[in-house]
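Right after this note come the structures.
Next come two complexes, and both contain subunit A; in the first it sits with subunit B, in the second with subunit C.
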Partner chain A sequence: MNMNNFHYIRKSPRRTDGELIVTGRARYTVDIDLPGMLYAKILKSPHAHARIRSINTGKAEELEGAKAVVTGRDIGNRRFSFIDTPAYPADQTPLAVDKVRFIGEGVAAVAAESEKAAEKALSLIEVDYEELPAVFDPEEAMKEGAPIIHEEITPNTTTAWEDFGIPRAKSRPYKAHHNISNRVFIEHGDIDKGFREADYVREDRFVIPSTAHAALEPHAAVADFQPTGKLDVWLSHMGFEHKRFWLAKLLGIPLSNVRIHKTYVGGAFGGKISLFAYEFLAAYLSMLTRRPVKTILTREEVFTTCPSARRMIVTLKTGVKKDGKITAQHVRIIDDVGAYRRSSPTALYLTHVFRNPIYDIPNIRHEGYGVYTNKIFTTAKRGHGLQQMIFAVESQLDMICDALELDRLEIRLKNLRKKGDVLPNGDTLRSYALPACLKTAAERIDWRRKTSHKKPNRGLGIGTASMFSGAHNFPFASAATVRLNHDGRVILYTGQTEFGIGVETVMAQIVAEVLRCPLKDIIVNAGDSEISPHDIGNWLSAGMFVSGEAVKRAAVDLKTQMLRYASEGLGIPDSDLEFENGWIISKSDDSRKCSFSDISRYGIQMAGGDPLIGKGFTKCVPEVYFWKGRYNKTASLTSGKGRFTEAYGLAAAMAEVEVDQETGKVRVIHLVVADDCGTPINIKSVEGQIVSQAVMGIGDVLFEEVRFEKGAVLNPNFLEYPIPTASDIPKIDSIIVDSYEPNGPFGAKEVGETSRAAAIAAVANAVCDAVGGRIFSLPFTTDRIKKALVAREKRKS
Partner chain B sequence: MKRSMVFDVNGNKREVLVSPNQTLLDVLRNQLHLTGVKEGCGLGECGACTVLLDGDPVKSCLILAMEAEGKKILTIEGLAQGRDLHPLQKTFMEHHAFQCGFCTPAMILTAKALLDRNPEPSRREVTRLISGNLCRCTGYKDIIEAVMRAGDALRNKVNDDEHE
Partner chain C sequence: MNLLPDFEYRRPKSLSGVLSALEESQGKAVLLAGGTDLIPRMKLGLEQPGWIIDIKDVENLRFITIEGENLTIGTLTSVHTVAKNTLIKTYFPTLHEAAVATASEIIQIRGTIGGNLLQETRCNRYNKSETWRHAFPPCLKTGGKACNVIKGARTCRSVYCGDLAPALLSLDASVVVATTQGEREIPLNEIFTGNGTSPFSLNKTDLVKMLKIPLRKTRGRYKKFRLRETIDYPILGIALSVDDAGRGYLVLGACGPRPLKYGFSTPEEAADIPRKAFEDMKPIDNMPLPPRYRKHLVRVFAERVLGEIIF
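Presenting the complex of A and B:
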């Protein structure tokens, strides 16, 4: 395909909905107001681990303005999670039933005429707790005799996976031995042989804390249960399917009775995929009161009751030949999941499979444990599993270089996989521009010169990353429809969701490219569960590769129909017709043409009223299926067998930093990220995602950490949990290394999360280079840097 | 005790019943329904609630509504002249200076206050002045660019006007 022949893609049109945003008219969940609306508030546990003896709601119920008060016992054991399989049944309830397991867990909820009245009502609820010994450290929690956080977990009548028709086995109760919530064990090659072949082996332990998503819009939900049994919901989602499924399942109402409306989402970053307890509670209270119910969390509540990113301890043992070729790697990960498991089974699997395409490691053992502790549970954030693992692997590669006196760029180039490689699970690297990413980034930052002529206090670092382009998660496919309107404009219906990624513009570009009509003639209806066909959502990086392909196919379907009618209507063979700028024109005689609205009219007048609707659909990995006991290559989260994805996005980052040798203060001077995302549909959007992720990565390395003391979040606000400001931003170059992905729409695959992980590793390695010593725990606070500087001086003397 | 007060918002006089401890943010969002004013923290830490008070950027979550009486309040809803967008609104679109858009109204108003005072700011000044407004999405690069370009546009406009 000639890349220069595109008309609407590989360009940077501005956001089609931009006016809404710059005029303040974009409506977010916090802005939704309905007549007669009540306000909900949740009473939170002050204890990290306690049995609930009793709850007295009498006084709260009598309060003027309080319309409903519910406790965990009223709602019962309706369990939900990110993952709900027979082996790992959901472990969380919307409100604590018998026990609280973290500080901030909900124990009761109120709906009242005003927020004030709701708060007043909460203060009147009396809870009698019996405090229990708590455990906060995952390695302590795994020991014999540690407090037991979960008694046997009884699944719902059916697990989600049974509802989807996936599993071979029936669900069973889960018993968390040693507080282990879940595990992963993936093995390829012969690990012992690999270590025997190595000339040099080292083992290191890395600690990655929780960081907050810190989306600027606080979490909120509005639910309106109608007398007809219909539930209208406005909430922040990253794909409505997951939220709709769980709301319907927990409320015991048909899936089709739940409508998730499109709202603008003030930032998500992976943190808003799963159902939140407050979303269920808004809906439940609306069902009880038959009034609309709204709940908005305060910033402190967001920090203390909504999960932040995963905390992991990564122990990494690696064997290499003298020349730096990796022969074996043994990975052990402890994922401190907190009170509930949530996405840990996915995350632990992703720690391996996301980074799998980077280096060709012939012998590998990857084991991981999710461990319950009495802290707020954790969740996905921008490629979870990836950045924790990349930080460890890339840090250690630099240490290996130091020990063997190898070049840091060469060791990476030497170990990379190659285009066309087939991974152990059968995934094929049809596009793979990671070597080019590394080389381009090295040139841009002037790696060779700067590393051979090192300036004092300066340091340089490299990071690499890769990730999926969609996976086989519910609903396992995406579909889209496009409809030709009377005026010749085209309406697209897609389940893709706008939360800052410009997805509506990008999908419109795809339709415009296929139909060769102006972008302004495409109207996008997105992210509404009632008008959108099923959609895999904008997570696990499926938006462009899977849903974009579905959109493209829908447009092609419509185009085929339009061409037939144009040919009939004009009496010209379709081989002599082409689409151009909203017209269908004869190639041999350009005076003979018809407009899109002519085609609409033809459909109605001459083709029996045909409305001209195109549909398109696709799965991420077409060969994967399950159907009534027949399975083909479905992925296993615990063994890493089966197909994962169809294409991988890749990135390399390089950073230059300066470290003040007295104060330990870091200045990031230059950050280069080269990203292989296949064809960039919207160049500025892609660059925007790269910069966004890279800047978040700077915060990850230098200062972001959700800190705890005895299970309580110590820094639940932006003063004590700073995120990068404009003043923290170095010179950033985002480079698109365009590889053509043959299975993606117009050659596109995914972009984003790789940039964050690669930037984290690059900045961390650059700091260690400048410091002349290794720091094993994120973030690299000035204290930790100063310690490393002191240690270096000691080594010298 | 609630008191009836008249606010000058976006060039209109609006009468509102206000209690002494109510924040300006609360009145603007919940009583005047100017939902372009956003609340990101309610504690003065994120800048999402920024509005202009007699041309100066203020965090509306931190000041009492009563303090705004008699002053000219500008929110994002009042920035465009009819259908004519302000140059900042245009450059924010042209330079992809927003992603989720939640910080955008406040960011644009903060930048407006800056450009009104100094239509030719340096990149460093822009960076410093918007660093009280948090944006979790964009990484700021395109925001800074958009503000610089809006400065150009405003200066050209002044020049055009002078030449007329």
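Presenting the complex of A and C:
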């Protein structure tokens, strides 16, 4: 394909919805106000672990303005989770039924005429708790005699995986031994042989805390249950399919009765994929009261009742030859899941499979344990498990270089996989520009000169990362339709959700590119569960690769239909016709042409009223299927077998920092991120992804940690939980390394999530380089850096 | 949304109107100027005043003028105005730098010098919502019997985080307080009690009307250590001002319930301050970074600021 021949992609058109957003006209969930609407509030547990003896709601019910008061016992054991499989059945209920497992867990909910009345009603609810011993440290929780957080969980319905038709054994009760919520064990090669072959082996332990998503829009939901049995909902989310599935399942109503309306979403970052208890409660209270119900969380509630990113302890044992070639790696991870398991089985598998394409490690063992603790549960955030692993692996590679006196760039180049490699599970690296990413970034930051002529107090660091372009999870495919309108404009229907990523613009660019019509002629109707065909959603980096391809195919389908009618209508063979700027023109005689509007008219007048609708669809991993006992290459979360994804995005980052030797304060001087994202459909959007993720990575290294005090989140606001401000952001170069992914739309694939992980490793390694010592826990707060500086001085003397 | 509690709201136009409203409220009133400290505290349920007396419309409280031997700054003067004032920049560089380093520009525009001075002390177990605080027993500052940070502590060591006070103290400023009984001038140093539960010695019916700074040219610097380059409260603030005769003050902020002030009239005396300050600072684990590290910072920054301005 001629890469320079594009008209609407590989360009940076203005966002089609930009004006709507910046003028405050884009409608977010908080903007939805319906007649007769009630406000819901949730009463939260002040105890990290306690049995609920009784709840007295009498006074709250009598309060004027209070319309409904519900407790966990009223709702019952309706269990939900992100992962709900026969082996790992859902363990969470919308409100605590018999006991609370973290500070902030909901115990009762109220719907009232005003927020004030709802708050007042909450204060009138009396809960009698029997406090239980709590455990906050995952390693403590695994010990004999630790408090037991979950009793045996017996599924009372089919699990979601059974509902989806994924072939597995029937669901069975789950009994957590030593508070272990889930496990993973993946092995390739011969780990013992790998270590025997090594000239140098080292083991290190890294601790990565929870960080917050810090989406600017607070979490909110509006639910309106109609007398017809229909439920209209507006949510702050990242794709409607999971939300709709779980709302229908928990409420016991047909899936099609739930309509998730399109909303704009003010940031998500992986944090808004799964159903939230408050979303169910808004819907449940609406069903009870037969009135619309709205709930908006405070920032503190977002921090204390909605999950932040995963807390992991990564122990890494690696063997290398003298020349730096890795022979074996043994990974052990403890995932401090908090009170509920949620997506830990996914995360522990992803810690391996996301980073799998980077280095060619012949012998590997990857084991992980999810462990319950009495803290808020955790979830995905921009590279679910990737950044935790990358921080560990890339930190340790630098330590290996120090020990063996190897060049930090060379050791990475030496161990990289190659384009065309087939991974142990069968995934093929059809596009793979990671070597080019490393080399380009090195040139941009002037790696060789700067590392050989090191300035005092300065340090340089490298990081790499890789990431799926979607995986085979529910609903396993995306589809799109495009419809030609009377005036020749085209309406695209897609289930993609706009939460800051510019998805409506890039999808319109794809349609415009196929049909060669002006971008303004594409109308995007996105993210409405009743109007959009099924869609994988905007997470696991699936949006562009999977849904973008479906959109492209829909446009191609429409184009084929239009071409046929144009050929019939003009009496010109279709081989002599081409699409150009909204016209279909004869190549041999450009005076013979028809407009898109003409084609619409032809469809109606001459082709039996044909509305001209194009349809496109694609599976996340086409090779995988399951149908009534027949199945192929289904991925296993616990053994790492089966196919994962069709394409990997890759990135390399390099950072230069300066460290104040007395205070430990870091100044990031320059950060370069080279991202292999395939064809950039919208260059500015891609750069935005890269830069924003680099900034997030700086926050991860220097500032961010959700801190706890006896199970309570100690910094549940943006004053105490610092994210980088504009003043903290250095010069960031984003470099697009276009590798052309043959299976992606116009060669596009994942972008963004890799940039964060690569930036984390680069900045962390640069700080350690400047310090002359290693820091094993994120974030690198100034006191930790100072401690490392003191340790270095001690070593010297 | 954190909802504000109900309150009586008054918005007098004159100083006498404020004073009579204060008296009428019988100690139930708080004064509202920029609101950048008060409103978040009310939303967290830390302050539940029966009355709010909004003084934004009160005449003649926004000024920076020379009065005899002093520069006077009206209490409603915004932090941003202080930061932009050229006289202040020339005569009192420390105050200028402290104003620039306060919060962020948007908050500087909203916040007043009087409000900034009288901001409440802070603690990471205290500045939280009512719901959050339910997970712990009430602390000394919320009327309880024990501190939630230090077991057995008898006094509250919540931290005074103002940026302007250390600078003003280094300039030997005083405050003019208006009451129904008339006006009185108090050295700024004396308005701090050193007790975190009630950090100011002023009465509930007192209004800080203006600040007075002896008008003489100084050299100086305000060094602020914070996590990020903007918005944040200081982890440590150090103000140093020196006059032409080499006399001056070094003042620590964010080191405890009150700023710590050290005077010197010779370089030798000044050189000994970092050691003294290091010994005097007794931080506890109630701020973003650990106490030992914050103590370490005192010496580093005291030495640096003295090195830059004096030695």
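Here is the rule we use: the second predicted complex is superposed on the first by the 796 of 797 C-alpha atoms of A that agree within 3 Å, B and C clash if a C-alpha of one lies under 4 Å from a C-alpha of the other, contacts with A are read in each partner's own complex, and residues count from 1 in each chain.
Operating definition for what follows: a contact is a pair of C-beta atoms (placed from the backbone, for glycine too) under 8 Å apart; a residue touches a chain by one contact, two chains touch by 3 or more.
Keep in mind that this is a model prediction, so the values were computed, not measured.
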* **Which superposed partner A:Gly266 touches (first subunit B, second subunit C, both, neither)** => first
* Asked: So, does A:Lys593 touch the first partner subunit B, the second partner subunit C, both, or neither?
  -> neither
* To do: Answer with first, second, both or neither: which of subunit B and subunit C does A:Thr298 touch in the superposed model?
  => both
* Regarding the shared-chain residue A:Glu119, is it in contact with subunit B (first), subunit C (second), both, or neither? -> second
* **Superposition-derived comparison: subunit B or subunit C, residues of subunit A touched** => B
* **subunit B versus subunit C as contact partner of A:Val22, first or second or both or neither** => first
* Asked: Where does A:Arg792 make contact in the superposed view: on subunit B (first), on subunit C (second), on both, or on neither?
  -> neither
* To do: Could you tell me if A:Ser727 is touching subunit B, subunit C, both of them or neither one (first, second, both, neither)?
  => both
* To do: Could you look at A:Val695 and tell me whether it touches subunit B, subunit C, both or neither (first, second, both, neither)?
  => first
* Structure fact -> Dual-contact residues of subunit A, meaning touching subunit B and subunit C, are 298, 719, 724-727
* Residues of subunit A that touch subunit B when the two form their complex -> 12, 14-15, 18-28, 30-31, 33, 213-218, 264-269, 298-299, 499-502, 684-685, 688, 691-692, 694-696, 717-719, 723-727, 729, 732
* Asked: Any idea which subunit B residues touch subunit A in the complex?
  -> 33-43, 45-46, 48, 75-77, 79-80, 85, 88-89, 92-96, 98-105, 108, 126-128, 130-144
* What residues of subunit A sit close enough to touch subunit C in their complex? -> 44, 46-48, 103, 115-116, 119, 296, 298, 300, 304, 662-663, 665, 703, 709-712, 714-716, 719-720, 722, 724-728, 781-783, 786
* Any idea which subunit C residues touch subunit A in the complex? -> 1-3, 104, 124-125, 128-129, 131-132, 134-136, 225, 227-233, 288-290, 292-293, 296-297, 300
